[in-house]
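Letters A, B, C and D mark the chains in the order given here, with residues in each chain numbered from 1 onward.
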Amino acid sequence: MGKVDLRVGLGPLKLKNPILTMSGTFGFGQEYGRYYDLAILGGVIVKAMTAEPRLGNPPPRIAETPSGILNAIGLQNPGVDAAIAEELPLLQDLRRRGTVVIGNVSGYSFAEYTLVTDKLSQSGLVDAVELNISCPNVKGGGLAFGTHPDTVYKVVSAVREVCEVPLIVKLSPNVTDIAEIARRAVEAGADILSLINTITGLAIDAKTRRPILSNVTGGLSGPAVKPVALRMVHEVAQAVNTPILGIGGATTGIDAVEFLLAGASAVGVGTANLMDPLAAVKIVQGLEQFLLDQKIASAAELIGGLII
Amino acid sequence: MAKENIGKVLGAEIVDNKILVPYVYQLTIKVAKLASEIKPGQFIMIKVAPGLEPTLRRPFSLHRVDKETGTVQIIYQVVGKGTEILSRRKPGEEIEILGPLGNGFDLGEAERIGFVGGGMGIAPLLAVAEQAVQEGKEVVSFLGAKTGDYLLVKKEFARLGKIFIVTDDGSVGEKALVSKPLEKYLKHHDLDLLLACGPTPMLKALAAIVGAHGVKTQLSLEQRMGCGIGACLGCVVPIKADTPEGFVYKRVCSDGPVFWADEILFEVPKATEKQGGCSCG
Amino acid sequence: MGKVDLRVGLGPLKLKNPILTMSGTFGFGQEYGRYYDLAILGGVIVKAMTAEPRLGNPPPRIAETPSGILNAIGLQNPGVDAAIAEELPLLQDLRRRGTVVIGNVSGYSFAEYTLVTDKLSQSGLVDAVELNISCPNVKGGGLAFGTHPDTVYKVVSAVREVCEVPLIVKLSPNVTDIAEIARRAVEAGADILSLINTITGLAIDAKTRRPILSNVTGGLSGPAVKPVALRMVHEVAQAVNTPILGIGGATTGIDAVEFLLAGASAVGVGTANLMDPLAAVKIVQGLEQFLLDQKIASAAELIGGLII
Amino acid sequence: MAKENIGKVLGAEIVDNKILVPYVYQLTIKVAKLASEIKPGQFIMIKVAPGLEPTLRRPFSLHRVDKETGTVQIIYQVVGKGTEILSRRKPGEEIEILGPLGNGFDLGEAERIGFVGGGMGIAPLLAVAEQAVQEGKEVVSFLGAKTGDYLLVKKEFARLGKIFIVTDDGSVGEKALVSKPLEKYLKHHDLDLLLACGPTPMLKALAAIVGAHGVKTQLSLEQRMGCGIGACLGCVVPIKADTPEGFVYKRVCSDGPVFWADEILFEVPKATEKQGGCSCG
């Protein structure tokens, strides 16, 4: 292929290209690393980490829906200490080769979020922390942290204090006013916003009359949610000046272009990895091909380029 | 168990896709790379149609492989959208495969090996039973299905050694569950190893029987899958472990699909159900 | 086919079967009436009516998305007076034959909602009114009425005063807490809740860099949204005792069963009509076939039957 | 214009689906009921694949119909997902059709009829031009495309009467837009009626020219569609009317696709853009 410049800046992060693989769909990178050289990617966001090891939900954890999936993994992970000791070190070579590695932080309390962030931030093993605020606030009646502006402000503020690397706040789409949530996250110190996380959904087996997922509900992701993700990225880009990582249903280079046009500076690939282990590479290539075909010199030119 | 295999994304040509009995098809695909690598008990994930629908690939166990012609066979039952689409695919068409995946069966040093197949679970056992015979081992098979027609490769198994047949309707063999002849058999005979594949209730019943008789047993498990390569943690089953909860969730796709029967927890302890308890990934 | 009882009660409405065609996808019924006898249906909800005739949005008004569509019709309709004079009379024979006919009321102000409802209620031409509160509140900063609990309470209360037929309130899914919205609608006097309306989305043409819809954003509907719709129906069914019309992405009889199990008393068919003009009939037949196959005597038995 | 036709849902068999020039295919389907009813200028909606994806049917204008063999032809260009899938469908396969739809062209009493086709818009004009010749009318055609290869049925048109050819690259005929030879022609000749099909900018340019010359003109319009049968109001175009705004939105699928050129508003008046202004249905 010819010469197009795929580099973009995602706030303080310099990316070799705008494509990052998304938390929970990419493990700690090792599985996909056997399919291709991960250094092809702009970045990798690893599985959610919590203070303690977590078993996660009983199976079934995945249900298929039209052009999408529901998942309720339940944050199975070895805990932040084990991740720092065993998983993240394996990704350091990647960082030296210019692919950013980002830690996804989850929790069920303010204390858990700050503890995990602190450890990751101190570890020196990640380029940034992504705060997953879609988890239920156990002490706050079980509502997700990310669904109330004040809670968002509080949790981001708390985490900000301990976070010495760039802080990405990952927004939940299960809200009335995503722009308001975004504003509060930025006020509280988010360097970057990532959106969307999954939309809560339910799948039912008509014959057994039971939910397909053991957890009853799960998070909807994949191509089905792309129009909602694009809308929210666009809304947030209008509302704040903070750089955006656009996520939701991207499976092709053209999809990535759409996210950039809507106002994202980089694009996350989640469910597509499950649909095809080579998806992220194909998206990088597809984006490059689009730029070549359309005679666009750089990916950065597309950011926020939607004409209205 | 055999070593995990991470699989490749491979283009395959459909050689044949024929109906065996109502709703049950045998698919033969030509894909030399897969044929040269895949082992009994491993599985493949098939992208049943190009495009976005259905979203995910479908997992199917190896039935037979022919390294010479570079062909691989699976037997599958039409149970929903994906298998329905697959059943309409025609010879000559291209189809995308991810595989081989998973660990496969391990015959080890066993001399006398039992095979227990229920329904569609009979098909994945044939290749390993044939391998056992080739390696000079003794094979005893216990096959069950809803009716005689669904005892798919009964004849092939009969050629390999002694077989016990049951059906739900008694149309062929005894009217019983397949655990019954096995239990009877174990009263008077020893087995070094048992390999089983079939519906979960059958596997659960088997696990109890072989536990009581101390027969080393490998079970091939099924679970709804996402990635198929071990990354998404979508396909787990509870496996006993030295942890506070007494178990961990292991991945059917890459830690399995074959597990030792005595390691499997068929019921998740109630108290641990809320160790996830959220739909946030 | 054998004998199964498809009749259900949707609050005060007696339906011959649980399948209703949804507003905006079925015109005033005449087009589909040439494909099949509309009396096969449990009910028909006609296109939104407003106080004055409305032009609607400029084209394009429809964009396709993975397993769904976005629409931004913009409420094109002849106005409630013309509808009462020319359209609704054509549906009266249907009512005599036991298929309910429901008027969908839209508006951009409290006054418009009450005016249109009043006229329809007085007309004697509809069995019920369905209040579409997904429209922007022009005097309230353009936010949709249906996205704030207090506004929902206010608009439903106002309409309730003039509505002498059963009142269905159609909820917007673009909210943080659908149960809370449902509770307020019920407090204000809703007899029936219908949900979901469309989820706001955006589709972009990567090459022209423009939104596909002239209105920029549109409402997402079709199979893609079914898991979200089922989840919300289930949540609302847990929160209130009011009967529910479950809507969103149903295309088969099995889908209808899933909505009933989740807690709906009847099921709406929208986008499916666009995908196949015979869809609603096929759904009625599919539901009947399911009951026969599963040896279930009546559709009503399924309502709320989800086992958790 | 001819009377609206509401169409039926019909199963058709693919007889042929061949590539003509890169990205352009000719699809022949056997569906007697459609063949006996469809008229030039009408269209059909094709469900390009079974299942949920793509969501909507795709509209295509009639190219040719053969009542004797019960076959209908369309010519289509691969521009996106739906047409790409369609191009992979094979002879012998079943495909679902909704049609005939829309009003079609109306030759009326006209004696000298002009045809203006741009690119893919040439194909839908052939059947009506042939009909005109059969009815003893005089036919003059103006055909334009990006290159000579894309002047799809140029020879067939040449047989029917005088033709004027232009291409974007000058590879065949004059290097010009198709409006140019038409404008020249109208300076010295009269036409009773003009029928045109092609890209919107071409139709807009034509409308200005024929307006100036007072030639009665029917244009076949395109719009993104939902239902195709007039129910969803998804496919509208602004058509002049005696209303406060000076126009109403009419449906391409059931009020069109053929409209009188002088009734079409090619630009929506700015002031009316907010008469919808919501994404709520």
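Quick note on the criterion: a residue touches a chain if its C-beta (ideal position, glycine included) is under 8 Å from a C-beta of that chain, and two chains touch if they have at least 3 such contacts.
All of these numbers come straight from a predicted model, not from anything done at the bench.
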Shared chain contacts [chain B and chain C, defined touch]: A, D
Chain pair showing more contacts of the two, A-B and A-D: A-B
Chain C and chain D: spacing of chain centres that average the CA atoms, whole Å: 35
Inter-chain centre distance, chain B versus chain D - centres from mean C-alpha coordinates, in Å: 55
Centre-to-centre distance between chain D and chain A (centres being mean Cα positions), rounded to whole Å: 45
Chain A: positions in contact with at least two other chains: 63, 65-68, 70, 200, 216-217, 222-223
For chain D, residues that touch 2 or more chains besides their own: 52-53
Touch-based graph of the chains, sorted into line, ring, star, complete or other: complete
Of chain D, residues touching chain C in the complex: 6, 9, 47, 52-57, 98, 223-227, 229-238, 245, 247-249, 254, 268, 272-273, 275-281
Touch list for chain C against partner chain A, complex: 63, 65-68, 70, 147-148, 174-177, 199-204, 206-211, 216-217, 220, 222-228, 230-231, 234, 249, 254, 257-258, 261-262, 290, 294, 305-308
Chain B residues within the chain C interface of the complex: 52-53
Contacting residues of chain C [partner chain B, same complex]: 66-67
Footprint of chain D on chain B - complex, ascending: 49, 51-53, 81, 85
